[in-house]
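Naming follows writing order (A, B, C and D), and every chain is counted from residue 1.
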Amino acid sequence: MLVVMKANATPEMIEAVVKSVTEMGLSAHPIPGANRTAIGVTGNKTQVHSDRLRVMPGVQDLVHVTEPYKLVGLDFHPERSVIDVAGVKFGGEELVFIGGPCSVEDRDTTLAIARKVRDAGGEVFRGGAFKPRTSPYSFQGYGEDALKTLDAVRSETGLRIVTEAIDPENLRLVAKYADMIQIGARNMQNFSLLREAGKSGKPVLLKRGMSSTVEEFLMAAEYVLSEGNPNVILCERGVRTFAAHTRNTMDLSAIPFVRSKSHLPIIADPSHGTGVRDMVAPLARAAIAVGADGLIVETHINPDQALSDGFQTVGSDVFAQIVDEASRIAPVVGRTVASRKSE
Amino acid sequence: MLVVMKANATPEMIEAVVKSVTEMGLSAHPIPGANRTAIGVTGNKTQVHSDRLRVMPGVQDLVHVTEPYKLVGLDFHPERSVIDVAGVKFGGEELVFIGGPCSVEDRDTTLAIARKVRDAGGEVFRGGAFKPRTSPYSFQGYGEDALKTLDAVRSETGLRIVTEAIDPENLRLVAKYADMIQIGARNMQNFSLLREAGKSGKPVLLKRGMSSTVEEFLMAAEYVLSEGNPNVILCERGVRTFAAHTRNTMDLSAIPFVRSKSHLPIIADPSHGTGVRDMVAPLARAAIAVGADGLIVETHINPDQALSDGFQTVGSDVFAQIVDEASRIAPVVGRTVASRKSE
Amino acid sequence: MLVVMKANATPEMIEAVVKSVTEMGLSAHPIPGANRTAIGVTGNKTQVHSDRLRVMPGVQDLVHVTEPYKLVGLDFHPERSVIDVAGVKFGGEELVFIGGPCSVEDRDTTLAIARKVRDAGGEVFRGGAFKPRTSPYSFQGYGEDALKTLDAVRSETGLRIVTEAIDPENLRLVAKYADMIQIGARNMQNFSLLREAGKSGKPVLLKRGMSSTVEEFLMAAEYVLSEGNPNVILCERGVRTFAAHTRNTMDLSAIPFVRSKSHLPIIADPSHGTGVRDMVAPLARAAIAVGADGLIVETHINPDQALSDGFQTVGSDVFAQIVDEASRIAPVVGRTVASRKSE
Amino acid sequence: MLVVMKANATPEMIEAVVKSVTEMGLSAHPIPGANRTAIGVTGNKTQVHSDRLRVMPGVQDLVHVTEPYKLVGLDFHPERSVIDVAGVKFGGEELVFIGGPCSVEDRDTTLAIARKVRDAGGEVFRGGAFKPRTSPYSFQGYGEDALKTLDAVRSETGLRIVTEAIDPENLRLVAKYADMIQIGARNMQNFSLLREAGKSGKPVLLKRGMSSTVEEFLMAAEYVLSEGNPNVILCERGVRTFAAHTRNTMDLSAIPFVRSKSHLPIIADPSHGTGVRDMVAPLARAAIAVGADGLIVETHINPDQALSDGFQTVGSDVFAQIVDEASRIAPVVGRTVASRKSE
């Protein structure tokens, strides 16, 4: 349920509604807007006795929400969220580009890749320290050493850092190093991890599960927000279908659909979305054209030598091409690219 | 198998190879190229005794093709095909836009829609006369009367006509009226219909089946080409997956993948690809950005009054917006839009 | 809509209702039951003005059907249908077994397979004369010669014959030879073929399309029934999913679900359902246990030498084992196996 | 890689091979068999220099394993595993039945359900204490209180207890109470949880992920075994497809396929596999007929009052019917049902 306050409601009136909601055994989430404040009410498994709220001073309306998600929905929060990742803004007018290798490599290679990402117009660096791998015998990442390498990348390039956490304890470690914590597709419904990410307060990059519906995807984000952390960026990365010419099938329609239901930013991952190096650039263009807020792309100075996922990793030149093409499509969708502004 | 002739091979040499192939009980398909001719050999279920061909005058090389498709493949025909539909070219530098209602309506409404399509920059008109419907009790189209209405649209607007044929006998009727014959998703593996379309010689718009792999899609086109008709335009229109927020899931990766395997043009149908009116324009942009040769869009002057599929039909204003946005994305993918050239 | 007549309604009363329905521009389908007759009304796209019918003599009730299918539904026809295929009954207490090669082979081999099918307890022989193949270059069946071979099988073994028709014209030929006409998965929504099958009056074995919902499956059967042919036997043969260890994924839940919605018999095809020889017997057992009315199995005296689909064809010994195991599971599901009765 | 020792190899010879493998930086897993011992070698990302092993005393053969899984595979362990869950054996001749509510309820209700499970022939009790739910606002289980209720069920009925763990820390708590730890479908690739389950040494009931291939499923089990815990029971519980008449599509072919690749027992969950109460019994029969080692079924004394998942929960009478039908199908697949032996 959503309690919509009048435009002239005072802070005291808002506080009084929050108190009443809490006394009912429910949770209140004040959501300040440009003109008025709304108060999201969660925890109501059954019908809330709302008469008590309706007559309180400053209350304009009660909105019963029919979608299963609340905090992530446009009903609760009609204005688009802009998520700040250490100064880089996702969800605003500017498109954001994230690049880097699948796994963090040795320090020199990683730094060389990062400089190329920055020079091309990327603002965030990606690289796995802890890799969830199908086989226990596959390379699982360099662990905390890799986190230290990422720290060095930030210091030397100014790029922000996103890297994956794989369990609640691990998330606490990752949160010390990263500007944004990635929750991977396989963990999209790892609810303990989602709650821990919520508690961390850090920006979260949440990837869609490989067979999740959009509703389940938004509900996973709801777990993070319900812990008091509004900083979630969604990521479409392809779903599993019968189609065999790609590793996954990118469901680009999810991007405008999510934007019609939720205020959260959503970016696209054409690397995992296709699993084929030559298709990354075309699908990157398509994702921008469909309305994504940015891209996350696996890139390497020498893709054939990548520690993992080389088959879907593009060279630094293709990463630069992707940013360039995105900047040319951007005006058609009312967007800009920061690094191209001076041009 | 492919017999590659030398650049200076004479017509007599080519003819002699064709004759030898025929004598072996196989079919020969000469494919003239800019520099040299290649001769596709089909019908070889088992190993061809190719020594006899290798030593003939003018023969440069024999290429054994490993893909199951032959005539549609780039090995047989390395140059991109440009298909001429009554003067409108698909597969060249210019993007082509097809618009019109799901079903052909009464004459006045149909003409009014067609004028809007033309004015927006569309060059081909779509509209179903014979509709394959899930229920025998649903509206099945106005039949031959609708074909006559399409004829009137052509006369009065200059638009070319594409409409669907649903069985071999019906195709012979449709071929009298249409400039291009559509084979729908449900009939993608209706092999009798594909062969009849091949025999007609008419341009064929072949839609991907809703659970077909790209390989099966190309093999369906191979049926048409194997009957001597090279004029096939492919169309990605979404596949069936678990995702419930759209009617189908558009597999835009199929477009660059098809282009990497086949010389045939491929367009996109964001109307059936999404099944949701508000998503047609975003996915149309994405399809152009990913590299489609054109679009086919369900449009109506009054979508809410459409005889069928109104929920996925866009108004004439949105159709014009789609063409406009495509023309702005076109340069990024090395394309142009004819109607915008003079601007 | 369904008009339920009183138990004591006279033939004249029934006739009068049929006449009224017809005058409304609709179709009436009298469905005689054990105690009373119901009259199915189809063709009503919009609300029927039913008051006129409700007050007619002998009318007990009007039932508005909410399922999109009518003639195939239990509302219209609450008793289970038993379909007679030249004396072999599908849908009754006895399970029926269909066996034979993918494609009809030479006469001697085909007869040898057929004798093994009969000796094992099979009552119907399958074998393709016209094969819909993904590639135009694959073996497409021996055509009418194969139909003549099937005729010989019937004469010499007493087995009934089911074989596939691939287009309306072809169906007229097949109907001359076959006791039951198969419509394959690829043609499940080939509506012209379905209508022609309906007009033929012959029993139809309708296979589920590889990505069709159960509702679409039942609507395809509705096409046949709406032409006046009630003799449809459904067949679950696996659907297309991401799973790669089998050619298709058998959706055995479709069998009890269909039986809860429709009176038509439904059998299972574990050969196409798995595409793997070693899995045919286990899934055949499962299909009987789940409630199928019978099985259709690809079998050969020498599976490794089969003209097509050898990889999913079982030997005659395994066919006999399948019938034997089915006869042991039959009592658990209230069924019997004719050939085992005397044991 | 697998080192196959001679039948007469001494323990000292085996020990020497293990030592050599360890010195190479790899892990050795001796697998005693009826006639001879094999030694599984894992950790070899690249080619092992195996010449050194081949010439050691007692070594008969080196087998290079091509499947990505090792410890779970039949190459490493050709005899079927029988997993002992506090005295109840999974994977032997006897079928095992697990029953209980979705969520553990209050103590009286839970005990009443348990007695019905035991009386019907069930040997293991299921019930969720910690429920992974799509929505953060849905009931998440009674937590440790529920674990105590399960403890009481064991004391009072003699049933063994299986219940789900949802993160590594939580698993350590669950392991104190449960005889077998369930890892749910959403966590099938929660690798931290799998490793923790491996370290616990407790029997693990591992459910197939809703879009996982069988290979990924076996690789998930490999994570548990690679931590030294061989006690894994697999569970097919349906996969996600386009089919809408059930919550999931049971992929029963996975059962014989897993049995052809792995020595681990595999049971079926027709409750989640269908999500529809009326389909649980038919699919339970099918699962036994296809070769499952047992069943896990959601059952309640009053399904309509269940705390969660009531729509797919069967009454105690249907649970008893399921065990009864399974016992009648059992002989066809060479199985027995313990509770029916005395009959």
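To be clear about the criterion, a residue touches a chain if its C-beta (ideal position, glycine included) is under 8 Å from a C-beta of that chain, and two chains touch if they have at least 3 such contacts.
Remember, it's a predicted structure, so these values are computed and weren't measured experimentally.
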Problem set entry | Any chain that touches chain D and chain C | A, B
Problem set entry | chain B against chain A, contact positions shared by both copies (same if over half, else different) | same
Seminar exercise, completed: Cα centre of chain A to Cα centre of chain B, whole Å, reads 38
Seminar exercise, completed: Cα centroid separation, chain B vs chain D, in Å, comes to 50
For this session: Enumerate the residues of chain D that touch no fewer than two other chains.
Result: 211, 240-242
Exercise. How about chain C: which of its residues touch chain A in the complex?
Worked result: 240-242
Seminar exercise, completed: Listed in rising order, chain B residues that touch chain A in their complex are 211, 213-215, 239, 241-246, 249-257, 260, 273-274, 276, 278-279, 282-283, 285-291, 325, 328-329, 331-333
Seminar exercise, completed: Counting only contacts in the complex, chain C reaches chain B at residues 42-45, 68-70, 132-139, 166-170, 186-187, 189-193, 195, 210-211, 216, 219, 222-223, 226, 240
